[in-house]
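All remarks here apply to the structure that follows.
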Amino acid sequence: MNIQEIKDDLIKAIPNLPLEVEGSSFVIPKEKFLSVARFFKESPKYSMDYVSCITAVDYPAKECLESVNHLYSMQKKQGPVVLKVRVPKENPRMPSLTALYRGAEFQEREAYDLFGIIYEGHSDLRRILLWDEFEGHPMRKDYVSEDQEL
Amino acid sequence: MEILYFFAKTGFYATALVTLAAAILVVTLRNLFHCALALILSLLGVAVTYLYLKAEFLAIIQILLYIGAIMTLLIFAIMLTHRLTDRSVSQTNRQSLPAFALLAVFNIFFIASLAAVPWKINSASLAAKIDTQALGAFLMGPYVFPFEIISIVLIIALVGAVILGRTDQ
Amino acid sequence: MFGWGVLKGMLVTLWNFLLTYLWPKKGIFTVQYPEKKLPLAQRYRNFPFLVYDGTPHMIRCVACKICESECPPKCIYIIPEKDAEGRVQKKPAVFDIDYAICMNCGLCEEVCPFDSIFMDHEYEISKYNRAEDLMVRKEALLKPWEYFAKIRPHDFERIEAKRAAKSAKAKPVAPAEKPSQKPDAGPTSPQQGSVPKNG
Amino acid sequence: MSLPCAPTLKTELLEVSIGPQHPSTHGVFRMNAVLDGETVVKLKPVMGYLHRNHEQIAETLPYLANMPYTDRLDYICSMTNNFAYALAVEKLAGIDVPERAQYLRVMMAELTRLVNHSLLIGFLLNDLGAWFTPVFYAFREREKILDFFEAVSGSRMMCNYFRFGGVKADLPESALDQVRRIVRDYPRFLDEFERLLAGNEILKSRCQRVGILPKELAVNASITGPMLRASGVNYDIRKADRYSIYDRFDFRVPLGMTGDVYDRYYVRVLEMRESVKILEQVLKQMPEKGDILSAKGLQACRAPRMWKPPAGDAYGRIESPKGELGFYLVSDGSPKPYRYHVRPPSFINLTVLEDLCIGQKIADAVIILGSIDIVLGEVDR
Amino acid sequence: MAETIDQIFVLAKDRFLDLLGIVLPDWIILLVRILISIAVLLAVAPVVMMYMTWLERKVLGRIQNRYGPNRVGIFGLLQPIADGIKMLTKEDIVPKNADQVIHFLAPVVIVIAPLLVLAVLPFGRNMIAADLNVGLLFFLGVSTFGVIALFMGSWASRNKYSLLGGMRAFAQMISYEIPMVLSVVPVILVTSSLSTAAIVEAQLGWKWFIFTPWGGFAALVFFLCGVAEVNRTPFDLPEAESEIVAGFHTEYSGMKFALFYMAEFISTFAISGLAVTLFLGGWDGPAFLPSWFWFGLKTFILILIMIWFRGTLPRFRVDQLMGFAWKVFLPFTLANIFIAALWALLPYPKNFIADTIGITVILTLLQIFNRKETPKKRKYLYAN
């Protein structure tokens, strides 16, 4: 399950994919994200049927929000495939994984709640941890909380 | 001793009064649930009058059946139908005048027939006390046929209720 | 039969009921608190306290502020003493710990290079006023070194052995050693050494 | 012959908020339920009452200073939270762990599993109505284990015992025979617990065929832990990842057949028996002497505010008693983590709460929530 | 000597009345005779209730390996008084849009039924407050009154949880009343009298009905229905803490809540008293101990069993509760009447055989018809 082998399978499966390998994870453009995820889920060799952890990271330096998805296979008990998608901070929109995995529902709502990434195709994208009238996304690096006491 | 009789008499009139008042309340109260409670009070009054007539068995059957079963289910029905108990539902309607007239006429006939009946009030009938043993024998004796017919009618009513109430699972 | 499992379950509760009478030591597991108290483990840690050798003004702390920067909820506040000319002395003038914020995690004890702050065994410290009473000043924090020996004998021996070894190593080098201005980052290891004895 | 039945009675739907202050929501958790009589028509979970933004606090503190905060995530099993965080940082910085420390870690993790499962069964029975008796029996056994934790780490529930590259301190002498006594008595307690509960017909009729979680939905909704294994999916991270030294112990993974509340309860009882087996093997194989903190680990926690791990990201995960607990760390070389994310098992196990509760009675919705085993400190972070 | 101890209360009352007789006219004596027994009942019932709460907390404590209240007075004996004072001083909150009148009336009405019912129980040899010849029917008739008061409480407090609790209480009370009444019919059939005193006479000399085949099962069914009637575990749906917060008495606090509590405990005492009278031979016991002591002891044991239920069993779900009443208890009690008739008619050796056959037949039939609901044993597989 080394990175190189996965990279070759991926390129073979999906033609002209602008792919970057960063450490042990793949950076994928948001247009191709769903097809790559579907490939990993349906291919008999990987059968990544379990999305373990979806989270977002804010890079103000690169002006982008990055969504990190860890996929595992429960049948074959295989290691993580990490997919990263970078979206610009102005309109942080990206396709939602709930089309393939029900498990992504709550984690994507939390990423939206704390980072502001809007997942298209998500069944009901509302704030999950903070109350609905809360403005702003607290986990962003540039977030300044308005109550002085904090 | 005659003070006891005096108490008994006033007690009887008091219960009669309470029963009548509760019956009127049943009709006039706005909130339907309060009417149901007033009805229970009047039925209780009837049970107490049975006690005065030394018909203990009948009094307790009255409490058991009327209050325990019928009124309970009546309240169940009130609770299920939602809008019936709001204040907005107006209780009175325009036909109250003709209703009172009809009531007056009916009362005249009723009291007339009451006066005509020769009540045999003598010491024997006052002392007579039917205990449940005799009542049971009486029921199973000459009146066994109507007793069975009633039970069949009840069964039919029960089955009908179940069919009507059954939601189509 | 329907009720069999229920009966078995009820026999268990009956047995426990009788056990509390027949053999109270095993049957009853609650303790009547004010009269009898559960013994504390040696390593039990509640709020920190400062240590002094002999008299209270011989405080061991040198106001190096390592614990202040290390404390996760930032509940320690230290102002070092200044003598006449304004030179910083190696003694804390003000040493407050806000017991309301402290979560007794024990990190200050681990990182303190001078073995001057330890976690206490005292847990009956409820006060009426959160602002004043729970902001514990230096005087209230001070406790003798013998107190530490009483509550935690094992750690006391280990620290004594370590201090003896350190002072032995420091004496032969050069007795007139210049008191280092700021203790360097890596003094002796915190509580557990690389090869600790069975603590 | 279709019987003429009346048009169904138009009954009113009852909006009930099983609110944050409710005796059986295991903390501040709200369920907006829409009831038709007693059966649940719609049920929306509402959470976030205990949200203290644990992840942003962690970004302002050095790595080791976060360790006491991880105790507060799932405050019933603090040792396993420390374990997951320590694993993640060790994977990030490449710190090795000596032998004896590995055994100490596995021992603490398995003892926490015993504490968590016995507590859960106690509270599940409490939701069912057995008035606190199972809870007290579970508390009696839990006290012994918590006393052991106090003797070893200093605090009963907020242990803060793990360090990167090992553990904080070694076992005091008295602690070892404390563990032996616990491991010897636990099977007897489990038998008593089973005699009290497992055969109980009322419990069986209340829990069987209630809240059935099909296999495919469980995997797709990324359910993990005993709840997943109760539906029959054989996935235990101790066997899948073989992290720490779990490959040296042979233990079995119990799987349920139907995946209803009774299976979730009984799989946890069987898992407790397996944990006791692991503990016995740990006590046998543990080396007598041996240091408990590797050299790199010692250097990491001597001066936490100046220890800088290499840049990069890492995702460490373990099989906590509630499911897969993972820590995703991104480091930019500074002593403070750049991004710190917790993958909480009970938060994600709640995705199927509505699917399980639709069509069940209100009383079942409460025990289904109880069988999912959530702790709000971990759900809301 | 044993005779006087046995009749000590009755003799005390007569001597007191003779004393009064000197000064007061005799018709007042008649009145006072009734008033005394009423006064005794009204005084004893709340005290019995208070010490039942104490007993419940102590026994539950011991079941759960702890002591139970032992701080207020030795062994916590003053705890009920402390609870009473606490209830009195607690603020009495009435919800804003509650129906004031009914909200106030409900706790008052709910206490009437259990107190009335005590009049009919034979506490000892000729120590019965009102020896009605329809005593048993009086007990069952008046105890239906509690349902209405309970519902008044839940309807008036305008709270979703209490509404749910009220609906559950309704369904449970009605469906457990019928098996309870039917399970009592064999006793009336054998003693051919409704008066409780006569029923106890029929069982004197260890000929208790519980030893007869039909009596044993009828006692079990009657006791379980009594537990359901009184809303105690495992049938405590109307006030299920874990599901609908506190059921019908969610919106009550202070003394009103205490009255609901009192009603529950006095009716527990009354139901166990009646079960003792019907099946365990009332005050019948070896002569060396007074009759009222035997009645107290047997009732005490039944109350302990109810508390034991509370410490162990989880609670039923609403539809299982209904199913249990209609599909198990009702058919069984109907068949039991027939079996009791067999027992009464046939001579000695044959009736025991006939009864045992009848009971085994009805039990197997019930087992067969209910096998869909009875839970099955589960298998688990292991993977590594």
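A, B, C, D and E label the chains in the order they appear, each numbered from 1.
Please note the rule applied: a residue touches a chain if its C-beta (ideal position, glycine included) is under 8 Å from a C-beta of that chain, and two chains touch if they have at least 3 such contacts.
All figures in this text were calculated on a predicted structure; none of them were measured in a lab.
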| item | value |
| --- | --- |
| If a chain touches subunit A and subunit E alike, it appears here | D |
| Number of hops, subunit D to subunit E, where each hop joins two touching chains | 1 |
| Closest chain to the centre of mass proxy, which here is the mean CA position | D |
| Furthest chain, CA centroid comparison against subunit B | C |
| Reference subunit E; chain at largest CA-centroid distance | A |
| Pair joined by the larger number of C-beta contacts - B-E, C-E | B-E |
| Rounded Å distance, subunit C centre to subunit E centre (Cα mean) | 57 |
| Cα-centroid distance, subunit B relative to subunit C, in whole angstrom | 79 |
| Separation of subunit A from subunit D, taking each centre as the mean of its C-alpha atoms, in whole Å | 25 |
| Where subunit A and subunit C are represented by their mean Cα positions, the distance between them in whole Å | 44 |
| For subunit E, residues that touch 2 or more chains besides their own | 63-66, 167, 311-313, 374 |
| Subunit C-touching residues of subunit D, taken from the complex the two chains share | 61, 64-69, 133, 137, 140, 143, 147, 150-155, 158, 160, 168-173, 192, 195-204, 291-293, 295, 298, 301-306 |
| In the complex with subunit E, residue positions of subunit C that touch it | 1-2, 6, 9-10, 12-14, 16-17, 19-21, 27-30, 32 |
| Interface residues, subunit E side, partner subunit D - complex | 60, 63-66, 160-161, 163-164, 167, 233-234, 236, 240-245, 310-320, 373-376, 378-384 |
| Complex contacts: residues of subunit A adjacent to subunit D | 23, 25, 49-53, 55, 57-58, 68, 70, 72, 74, 77, 80, 82, 101-107, 114, 127-131, 138-139 |
| Partner subunit B, residues of subunit E touching it in the complex | 27, 30-31, 99, 101-102, 132-134, 137-138, 140-142, 144-145, 147-148, 151-152, 155, 166-167, 170, 173-174, 177, 192-194 |
